[in-house]
Structure formats: structure tokens, C-alpha cells
Amino acid sequence: MSSSIVVKALSVFAGAERLMGPVSFQVNPGGTLVVMGETGAGKSLIAQAILGTLPAALRAEGEIYINANRADQLSPVERAKLWGRDIATLPQEPWRALDPLMRSFGQVTEAHRLVARLSPREANKATQKAFETLSLTGAEQRLPSALSGGMAQRVAFAAATAANAPILLADEPTKGLDAERHSKVIDLLAEVPQAGGTLLAITHEASVARRLGGMMLVLREGTLVEQGQTTKILNAPTDSYTQSLLDADPLNWPVSTPSSLGDTVLTVKDLSVARGHKTLFQGFNLDLREGEKLALTGPSGIGKTTLLDALAGLLKPQSGTVLRDPSLSRHGIQKLYQDPPAAFPDRISLSRTLKDVARLHRTDWNEVLHHLEQLGISPALLNRRPDEVSGGELQRISIARALTVKPKILLADEPTSRLDPITQRETLAMLAGIAAKNQIAIVLVTHDQNIAQKWADRTISLTAAPESTE
Amino acid sequence: MAHYFKSVLTVLAARGLQAIIVAVIVGIVSFAMMQALPGDAAFRIAAGRYGYDMMDAAAAEAVRLELGLDAPWFVQLWGWLGQLAQFDLGNSLVYGTPVVDEIATQLGYSLLLAGGAIVASLMIALPMGVATGLNPDSLLDRICMGLSVFLRAVPAFALGVVLVLVFAVQLKLFPVAGFRGIENLILPSFTLGIGLAAVSNRVVRDAVVDAMNSDWQLFARTKGLSARLTLARHVLRNAALPVVTYVGVQLAYLIEGVVIVETVFAWPGIGHALVHAIFGRDIAMVQGTALTLGLLYVALNLCVDLACRGIDPRERAV
Amino acid sequence: MLKSLSVAAAIALTAAAAPAFAETRSSVTIASPWEVASYDPAVAGFTIQKLQIMENLVDADATGALRPGLATKWTASEDGLTWEFTLREGVRFHDGSAFDAEAAVLALTRAWGQPGLLKKAPITDIAAQDGKVVVTLETPFTALPAFMAHATTIIPAPAAFDAEGKPVALIGTGPFAVSAFTPPQSISLLRNEAYWGEKAKLETATYLAAGRAETRALLAESGDADIVFTLDAAGYSHLSHVDTIETSAVPIPRVVALKVNSGHPFFNDPKARQALSLAIPRDGIARAITRFPEAAADQLFPPALNRWHSATIEPLQTDLEAAKTLLADLGWVPGDDGILTRDGERFAITLRTFPDRPELPLIATALQDQWREIGIELEVSVASYSEIPAGHQDGSLHVALYARNYGLTPDPIGSVLQDFGPGGGDWGAMGWENQKVVDALKVIASTSDQELRQTNIDTVANLLQQELPVIPVVWYQHTVSIDKNLEGVIIDPLQRSYGLSEMYWAKD
Amino acid sequence: MQQTNTIPSTHAQTKQTKQPLAKVLGFALVAGLAIAAIGGPGLIGVDPAKQSLLATLSPPSLAHPLGTDHLGRDMAARLLSGAQLSLSLALLSVLTAGLPGTILGVTSAWFGGWTDRILGAFADAVLAMPGLLLVLMLAAIAPGSWWTLYAGISLTLWVEYFRYTRQRARIVLADPSVEASRLLGLGPLLLVRRHLIPEIGPGLLTIAAFGAATAVTAVAALGFVNVGVRPPTAEWGVMMTELLPYWREAPFLILQPVACLVITVLALHLSVGGLRRS
């Protein structure tokens, strides 16, 4: 029996520069291959090279066989014929992968009809069945904008697998999902090899790899560092990089030392917050003290971000009070954002942005440079624009920017969810260090229970307001 | 379904309100400006009526007497508003015929022309925009960009005569001018349409580029749909949204372009009538025409709104 | 909104049916610049008359000689104060109603009440008597029959007026009846099978108003229009090289003239006006702008007005040096910028003209350039032509450039009297009155003695040439393009008729 | 998407090699036009109003490098003189339309709510008002005055700036980076300078480039309906109208002002960001 995917000496080049590879592997029907590595390690390039969806500026070398057929020499049109029929692809961010103007049923049924070539009636039946098995009943006529992240992922799964392609490529399938949905998607993926299919999953999370099992590749900056059985590698990594990846899994973090707490800086009493006319939660109380590390967790959609806005005074609460300590200056509360590039004016150099803030608050530029140094940022980086530095660097610069106004409270809204595990760990560690040193209270919003447990002094789990459904 | 109707009603109400605001503003502004015009209205009206061979001071005096132009402005404005409330636009000062009659015939022709122009512009802009949108930054894209700039800079009348020379005089495919039949509509429509397409093909292009760069486009491909099916089922529909909205914006410019094209092609339209009415100081006609054009714009935008709603099932605020 | 949509739909429907009969060659399409938007003879009379929809009591041939129209003969009483028009019998309007004295009187009375030509005649009464139309005058007026040939005195049927006497339809007695009217662009005509005279040879005709000269030239070139009137100079040059059509230019009694405010201190001396005249590059304008070199107007009345045009008159010249000398004689001294000054006043004036005749702004620009040479700063204001009579009335006018038609009636005396009679006229002299001219005009208007008339005409023409209250620039040509297969086309220099009823298609 | 993160260097490279070429060309053209506009006909020392009725519509020659027009005037001198008027007044109309349009657009997006609704409704009403009516009437109020003509044109053009600014500013202002800057204490002025101008500036300049073309072709269109012609002024739009009757005899004449306008728009367009729309 031939292998589903065979890859021999695959490399991806941008001009003369090798971005990834060489890697070789093969996956058999019923098998699983997990590709792990930090952001920018070139994991996605493997998936794109196999599919043939590399950006025009990039070039793949090596041999790729799909179901024993040489795929890399096919014309783009021939290659596209494999999609959906031989290889199914689960998208990274399912919300954005669904046509915003088409109802979910239509997006699945068109795959049954036009890819699997079922008659309209059969396609409808098959779609109905898929919706039932994936417990999507009731969501048939919803538009993607009305689907939750998990539902969108399942709709995308149903659409991608409609033609029963034996191979499934899943690129970061759990990105942005909360813990509960996270595991549901992994269950779904794990079924693929059990049913005789082939799974190629790309992830940066060791926990995902552990659950999926099978074989594993570990990539670092495009180079293969380790290859073998997943369980073996996870249990006994031979490479230090693999080890650090595993260490970076919040599950493996050491528990942080409790902070020394100062005076109360923010008091919240009986707060309820609404989005539109919908009350998200109510009866929220908080007493935040200097130097405290607080984690806020809860399922997505519960209103964690909205709560931060209420704490920052950006949003009028529906009821209740948010009382700042009188010692708190007007700019005493600062925020860190989930997507660091989105938090900077993107056409202005970083130094310009930082100098604006420093000038406004009469902060000595040397002090800013000092913060940057502490955060491991070279001043040379400041001449770049936000999109020219990495996400981890930018998040650290945004911490430095916040420190420039000498805040007492830092509200961090999933500040590391877009960062890879190693950077995430470093960044959160630095944040903790700064909180301790400057006696700053930090409220960290995260969907990862492990992070909350390991990093924070205390954790508040938000639960939905009773009257709200969904 | 119910909330679809609700949203349609919202649109209707919003546009209805706009129509009333437009009617009042257009009426008052056009009246005020006509009052502000220098020169003696009686002379202008007499000129419009009798032509330069027959017009003289005596004719102007007769006109003044006949039309009561000496009445103070508020009496005249009040009279017009009073008539308007009874849906009476009054009589043309120049021709003496009811304004409604004049507009009724001409509006039909202008609507035909405007409709033809939109169809023509879409016939050009869509293929051009989709082709360049699928190949952004290609040679084709650059050529089309240059062409767009060129067509934008060529005045409509020059474009019109060139089209006539090529398609009517040389190739004898269409008549030169007049309005005998549908074949007469083609050249004026394209004259206007090319001017509109010069900009809208870039809007289509940008919309297609955005759609082609979207994650959902890639996903539609990787789930197995062919490039053609993806284009037809997903890309075009999504790209249509900004395009349709833009057509709404273009309508305002279209209504003006109509004037030139009507003149070149001897087409009996409302834009032409408006220009003559302004020259002839035919206040009743100016107000009537401006009002009609304003309401027409509102009505056409209503169509655009409804079309958007048809394309986009998401509930959106107006 | 609904209504107009249904109109659009109706157009679409008729559109499908229409082209079929365009091919049978018993039809012509005429294109001309003049739009028709009214049923009113006082407003649209020129086109209605030219299309032979309605007729006058009196007709005229191409030379301007009067001949019977709806009236078979006309006589003046001894004292010249009563005119009787005997009407043609058995004439019917297009709607079948009979043409009679009552209908004629109704039409003429209305025309008399409207601003227009008839109002200028000393009429005291128009009445029907024994089947005749009787016009009573205050003073003798020999041009009355000529007035009855004018476009504003055409006779619509009584049914063409509504209860308030407002014209609401195009019903006449002419060889063509209106089958469709789309203001302002088009009129469709159908042969009047019950016409009293010789019936038209064509069955149908279409009149298309195309405002732009470029459009008309293209209509002619493509063959979409069989006859095209009033071509621009460039279009005419081009079409004369096109094989399928013939072009023709007929001198007409229309002249581009410069009206000068002779009451203005700059121009109250005839020498000043002569200087202006000497600085008009008539030859260049006639060659480069209107492109008929022979039409440089060296006197006011064009050759088409054979009685008024004089072969012996001293022609106007162009001579910049002479102009400068004349101005220097008047005390004008060139300033630093070359512009003349006198008593601290700059010779800066404004010329009013209008764009309806596209050559006028061009001629004005040519004058502007030329007059700068002799030290006159000319501002050209292109606006509504009503600014000219308005400026005449309030005295603010300096000079005005316009086209004056002395062929409105077969006999130009009406127009000349208006222009140069007592007090001058809106389109004639301003601030200028010459008793000799006034007296001579009085004689011309009232006498039927041809010799006496001619002597006085010569006097007027000579005095106008010397005094130049209005300075002629160029004469007009009536330019036409005709399909080579179209026969029987007669170009009327008086522009009273397109000659539709005489046209027919050559058999091939 | 993920892959854009992996290949920033290549992406930036391809763009940066193409961009400067177009930009350099654009700036060179803009500079050339500016010189033409400042120098005017003085550059070649020929009077743009001097006629020669006996040498009209002549093809390019040594004496007249671009030929002569229908009144025998030097085309090169007239185009230069036209550059002066057309460009400075196009600039004027772009400013008079662009400034209020942009300011109102930002105001609308900034305050939202009723301010936004009222301004939006106002803009809609202005769009519904036939722009031609406004322009013609303004032109009639002060006949022959170029300033009113262009003011009238900009009265109808401002809505485009308004719509664009409002829509874009709304998106920009909702961006977390603006919220961050606000929390950091940046005032309205800095927010506009650091966030709004860099984001919407290039788009506005593109609109302005096309707006300049609109202004000039609008003058041509008005000339076509006999408005705003005051000889012997040379202006590109007016020249287009004036030379139309001679389009068969001397097509190269009417193409010249059109070509000038095309070059202007291309120059502005290239210099604000190549052939790419922002």
C-alpha cells in the first residue's frame, strides 16, 4: 500500500535564500504527521508547498508525491484538481475562511455538489447529515458573522471534507479558540486517522501535538531539528530547541512567586457590562492593588475585552462603579493589545511614536531607552515601522511605551495569544518582572487556564450573565 | 425573512426622509440662486422665447407684464411652494407649457440614457476590472490604469464625436444622433459609460483584488472549487458590494454628464432642458427640473440600497 | 416617476417599429441647429414655416418678391390705411376644418398681441369682412404684405389654440402635417394629401434639431441626415470633400455687425467709429473664421439684399495706420502699455457678444487682438444675447457684436426702420440719430413708388456707411449639405422654407 | 495571513524596487509641470494671445513647435499659459473642496452620533442637488469669473472627499492603536497627525489627482454649454472646447490639452504611490 504523502528533500526558496528545508517525510493512510515550531519557523510553508499555494515570490524544490503521484510537477490547474478531492485543507482562521455573504449551509452544500459531484438532493442530504454529526443543527441558515469560532471551524471542516478527501491538512487549527472549543477541534482531527485518513497538522502547541500523536517534525527557522514519533519526541526531546518549545507550554511553566502588594489602586463594585442591549455579565467586584498580577479568564464572547474597557474608563458601565484611587493619574491605566501591530500607528516609525509619548509626559528619553534595554530591545529597531519588527519585539516595545507614562495599572488583553510559545513565555515573564519592580498592577486577560494558574497571583473566571443565552 | 422586510422598510423610510429634505433644499436653493442672478429676468426669458432675431426690449417688457415678474421674491417663492404642495410645478416661463409635461417626456429619455450608460459602463468596467483584479500589477493592469487616466481626462464631447466617427460614419453600425430607436441609444450610452468606467473599472479591480486576497477565496479554492466557480460563486458577489455602492456615488456625476451627451447626440433629455432653463431664467423649469433630478437621484440610490441588501444578507445600519 | 418610466417603455416600443419606413426613400431627414419647444408661432414660427406646416397669407420667392399664399391678392386703399387680403377658397387645415377669414383673423390677432413683428406695424384693427381679412392702419405702411409673409404671421388652425387662446398644437394648411413632435429635438412630418397646391413629392420627413455643428457635420457625412443646414466653417470645409454629398453656400441677408454706443464719449465722433472700422480685419475674419473670403462686409447690406446693397458705395477698408491717425486726431495718446489714453482715461471698453452663434466669440477675439494694436483694450464678455438690448436700454453698452438678419421679411424695411429709425434700436444704432436717415426711411416705408424708394434707400445706405452707427464685419452664407441623390432642393436665401415639398429622390 | 509573516523581506523588496521608479517619474513630471505653471508662456517668450488669421491650424513647425490654433495663436504658448491657469485653479478647487470635505469627514467620524448623521444627510442632499445647477448658477452670478467657476466645481467635489474621509477615518479611529494613543494621552492634533493623515493622506491625494482632472474637464464641459468663456484666456478645458470644431482638420490640436491633463493626472498619481490605489 502506497503512502498518502511522500516528501523528499523539500525546500522553499525566496530568490536564492532558503526559507525552509530541506525536509523529507512520508505519511501513510491512517497516519498522522504533526509539524511543530515557533512562528516564522516555516511550518506553513510545508503545507503550502504540498498544496501548491505558495505566494508567487516563493519557489519550492524537492519532490512531493500525493497518493503516489508526483504533485510538484503538475500544472497549477491540474494541481488544483487535487484540492478537496485528494487533499482537504482546514483553514487557520475559520471565521475569515468562510464567505461572509453566504449562509453556512450553502458553503457546505456547494462542496458536496460541485466538488463531490452529488446531485442537488443528495448534496442537501449529505450536508444535513454533516451538520447533524458536527452538532451544527440550527446553524444552517446563519451567516459566518453569526457563528462562533468553534462553529465556524466545524462548518469549515464540513465544507473541506465534503468530497471525502483522504488527506487532511490542518494549519494551526486551534488558533484563537478557547480551551473548550480547542479540545473539540482536536477530537475532530483525531478522528481522521482513526477512520483511515491521513492527517497533517501544523501547530505550535505541544499539547495539540500530544493529543494527535503519530509522527512529528520540529522546525526552527526553517531547519529541521528533530523528526520521529510524537510521543517519543515529546517525552524525550533530543534537541534543546524542542526542549525549550516544550518548556514554553504553559502547562510546564513554573508557578510564579507571589507579588508583594501595595495599596489599592482600583475598586470595582457590582459592575455589569453590556454590549449593545445584551448584558454580558453582572455583579463583578474587584479590588486591585499595586504590584498585583491578576488573570481574567472565561470562554470567548463572555466580554473579557469589554470588561477591560470598562476598567480603563473607555466604556460606560451598564451599572455599578469603577473607582480609581485618587493617586492614580489620568494616564495611570494603560493597555496592552492582543495584536501588537494593530496597537501602533502603522505608517510612523517606532521612535517617532515613542518620542511623542515621552515628550507629552516629559519623560526623559534615556529612561525610555533604559526600559527598552531591560526588555531586550535594541534602540536600532526603533527606526523601523511597526510592520518591520516581529510581533514579540513589538509587544515588548508596547510595554516600554506604556511604561513611559508611568502607569499604576496595566490591562493586558491576551497580549501573547498571537505570539509563539517561547516568545509568549519570555514576554509574560518580563511583564511580571516589570510589575514587581515598578509596583504596577497587571490585569491579564487570557483564555488559557494554564497561563492564568502559573503566572498570576489570582485568577477571576468570568461566567455569563444568567439571562443571556448563547 | 421578517427582518429583511424590516430592513427594507428602514431603507425606504431613510430615503423617503432624504427625498423630502432634498425637495425642500433643492427648491429653496435653486430659487434663491435664481433670485441672485444678475441681469433682468424679463430680458432673459424673452431671449429664451423669441430668439435673437426677434427678441428686443419691447418683448422683454411684454414678458414682464405677462409673468408678473415684478412681484416680490417671497410672493413668488410662496406661490411656488404652494403649488408644489399640490404637486403642481407650474408653467414654463419660456414656453408657457406645464413644467410637468415638459419634464415627463424628457425624463423618460434621460432615464433611458442614464440606464444605458450604467449598463455600458458595467459592460466595460466589469470585464476590465475583473481581468486586472485577477492580475494585479501585471502589464495589463498598468495599461488599463493608463487608459483609465486617459479616458478620465478626455472630455465627454470629444469622446462622443470620436465614437460617432468610428462607429457611425466609418463602420455605419449605429446612427449618429437622434432618438428613433434603441440603436440610437448605443453611442450616447457608451460615451457616458466609458467616462464612468474609467473610474469604476478601478473600483472593480480593487474590489476583486481584495476578494482574491481574502482567506475565504483561498479556502473556497482549497475545498475544491475551480477558479472559475470560485470567481462566479464567491468573488464576484463579494466584489459586487463596493461596486454597487460606487455606482450609487457615480449617479450624481452621471446626471451631469448627461447634459453634454444629450447635446452632442441631439437627445431630448432633461439635462439639456435644465441648461436651457437656466440660461432662459425659466425659474419654474429650473425648479421643476432640479427637483426631478434630485428626487431621481434619491430614487436611484434607493435602488442601490436595495440592491446592496439583496447582495449582502448581513444586517447593516443605513 | 411611474409616468416617465412608462414613457421610456413607450419609446423602447416605438423604437423597434420605427426604422422600417426609413428605407423606402420617400422620406428625408433634415438636420438644423434650431430647437423647437413650443407650439407658438411667436416663438417657433420660423421652424414651423420652414417645414411648411403652416402658411402665410403672403408668400415670397427666393428673390424676396411677394406672391400669393393663403391670400390670392391684397390691395391697399387710396390713403394706404386699409388693406384687404382676399383669401384662397377651398383650403382646409390638417384637421379637416376649413380655412376662412375668421381663422386668419384669429391667428393674426394673436400674432399682433404677441411681442413680434406685427406689433411693430401701425395696425389699429384686424377684422374679417365678406370673407376677406381687413387690416386698418394708423399711418400708411407699404411693408404690411411683407409682414404678412413673416414667420410669426403664419396661420394656425383655430383648433391649434386652447380655450384661453394658448397655442397647443401644430395644425396648419401647409403641404406637410405633423405626425409626431418631441420637443425640443424633433418633428415628424406626413404629406398633406389634401393640400390646396401642388402636393409634396415626399411622403414623410423628419426634422432633427442638432445643436452642435460637429453633430450636424457627422449626420451629413454618415448619411443619417439627407440635408443639413447651417454648417460651421470647419465642417463645411470637410464635407465639401465627401463624395456622397454636395455642399452649397448661399449668401443670405444676415450680417455680423458691431453695434457702437455712439452716445459714449469715446465714440460720439464718427471718426472714432471709422477708426474702429479701419481696425477690423474683415479679410482675415472672412478667410480664417467664416471661411468665405468674398463675404468680408465692406458695407452693411449684403448682396442678397439686391435693392439695399450698393455696388457704387465706397467700400470699408482695413488700415491700422489710418485708424491710429484718426484716434490721434481725436486726442488719444498711447500710454506706457500701448493703450491709448485721453484726459487720464484709458481706452478700455467691453464688447458684449453671445455664444449661440459660435463664430461670434471668435470674431470678438480677433477684434480684441487687432484693436490692441491700435491701442484699444477690449474686454470680451460672452453672455446671453439679451445683454445687448438690456445694455442698450440702460445705456451701459460700449460695443456689441451680433448677427443681424435683414431678411426677416422679404422687404427689410421693417428691420432697418427699427434699427436706424428715430431713437435707434435694440439691434441697431445706439445714441445715434440722423434726421436724413429718419426722413428717408419714412418715405421708404410709405411709398409704393419704386424709384423714389430706391433713391431714399441709397441715401440711407450711404449715410450709414459714413456715420457707421453699426459697423459691418462679415456677411453670412447659408451653408447646406445635400445628399447627391436628392433632387429638387432649393435653398431659400430668405430662409423662409427648407423647400421640402419640392424635393424628391433620384431614381437609380 | 500567516505566510506574510514568514516572508516580509521578499515582499518588501519587490515593492520597493518598483515603487521608486514610478515615484521618481511622478515627481519629475510634477516638477516639470510646476516649472511650466510658474514660468508660463514667458518660458518660450511668445505671446499666447497674438493671432495670425492668415496662418491658422498650422502643423508643428520651427516657429510654432506645437502648431497654431484656429486663430493662428501659438499652441505651445497657449498650453503653457493654460498650465498656469489650469494647474493653479485645479489646485485651488482641490483645496477648496478637499479641506472642508476632509475636515467635515473627520469631524463626522470623530464625533459620530448625531453630528455624523446630520453631516451625512447634508452630504447626501448636496449630492442629490444637481451639481451642474450649482455650477451654472454660480457661473451666471459672476459671469466670466474663473474663481466662481472653480468655486462652483469644488462645491460639488467636496462630497467625494467627505465620503472617503468619513469612511476611512471611521475605520482608523476604531483601531486599537488610536485607543492606545488616547490612553497614552495624545491630543486630537497628534491623533490626526500620527494616525489619520498617514492613513488617509495617500488616498486623498489620489482623489485629488482625479479631482484635478474633474475640475479641468468640468471647465471644458461648461465651455461646451457656453459658460465661462472669456477670450482670450487660455485654459486647458477651454482649449478642448474651442478646438473641438477643428477635430477633423487638425486632430493634433485638441489632443494637446487632453495630453497635458493626462500627464498631470498621471504625474500626481505616480508621485503619491505608483499605480496602486491605497
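Order of writing sets the chain letters: A, B, C and D. Residues in each chain are counted from 1.
One rule holds in what follows: a residue touches a chain if its C-beta (ideal position, glycine included) is under 8 Å from a C-beta of that chain, and two chains touch if they have at least 3 such contacts.
This structure is a prediction, so every number in the text was calculated from the model and none was measured.
K.L.:
Give the chains in contact with both chain A and chain D, ordered by label.
P.N.:
A chain counts here if it touches both chain A and chain D, which gives B.
K.L.:
Quickly list, by label, the chains bordering both chain C and chain D.
P.N.:
For chain C paired with chain D, the chains in contact with each are B, in label order.
K.L.:
What chain sits nearest the middle when you go by CA atom centres?
P.N.:
Taking the mean of all protein C-alpha atoms as reference, the closest chain is B.
K.L.:
What chain pair has the highest count of contacting C-beta pairs?
P.N.:
B-C
K.L.:
Which chain has its C-alpha centroid farthest away from the centroid of chain B?
P.N.:
Centre of mass proxy via C-alpha means gives A as farthest from chain B.
K.L.:
Just how far, in Å, is the C-alpha centre of chain B from the one of chain A?
P.N.:
Averaging C-alpha atoms per chain gives centres 49 Å apart.
K.L.:
Quick one: report the Å distance separating chain B from chain D, using the average Cα coordinate of each chain.
P.N.:
22
K.L.:
List the centre-to-centre spacing of chain A and chain C in whole Å, with centres computed as mean CA coordinates.
P.N.:
84
K.L.:
Please report how many Å separate the Cα centroid of chain B from that of chain C, as a whole number.
P.N.:
37
K.L.:
Would you please write down the residue numbers of chain D that are in contact with two or more other chains?
P.N.:
Residue numbers touching two or more other chains: 1, 143, 244, 247-248.
K.L.:
Hunt down the residues of chain B that sit against at least two other chains at once, touch-wise.
P.N.:
157, 161, 165, 215, 263, 295
K.L.:
Tell me, which residues of chain A touch at least two other chains?
P.N.:
92
K.L.:
Chain pairs that touch, all of them, please.
P.N.:
Touching chain pairs, listed by label, are A-B, A-D, B-C, B-D, C-D.
K.L.:
Using the touch rule from the top, collect the residues of chain D that touch chain C in their complex.
P.N.:
Those residues of chain D that touch chain C are 49-51, 53-54, 56, 70-72, 143-144, 226, 229-232, 244-249.
K.L.:
Mind listing the chain B positions that touch chain D in their complex?
P.N.:
Touch list, chain B to chain D: 18, 21-22, 25-26, 29-30, 33-34, 36-38, 137, 141-142, 145-146, 149-150, 152-158, 161-162, 165, 199, 202, 206, 215, 249, 252-253, 255-257, 259-260, 263, 271, 274-275, 278, 286, 289-290, 293-295, 297-298, 301.
K.L.:
Which of the residues in chain D come into contact with chain B in the complex?
P.N.:
Per the stated touch rule, the residues are 1, 18, 121, 124-125, 127-134, 136-138, 140-141, 143, 156, 159-160, 163, 210, 213, 216-217, 220-221, 224-225, 237, 240-241, 244, 247-248, 254, 258, 261-262, 264-266, 269, 275-277.
K.L.:
Quick check: in the complex, which residue numbers of chain A touch chain B?
P.N.:
51, 53, 77, 80, 83-85, 87-89, 91-93, 96-103, 110-111, 114-115, 143, 145, 156, 159-160, 162-163, 165
K.L.:
Give every residue of chain C touching chain B within the complex, in rising order.
P.N.:
Checking each residue of chain C against chain B gives 1, 3-8, 10-12, 14-16, 18-19, 22, 29, 31, 37-38, 40, 42-43, 46, 114-117, 119, 152, 166, 182-186, 206, 208-212, 214-215, 218-219, 221-222, 224-225, 354, 356, 384-387, 389-390, 392-393, 402-403, 405, 408, 418, 425-427.
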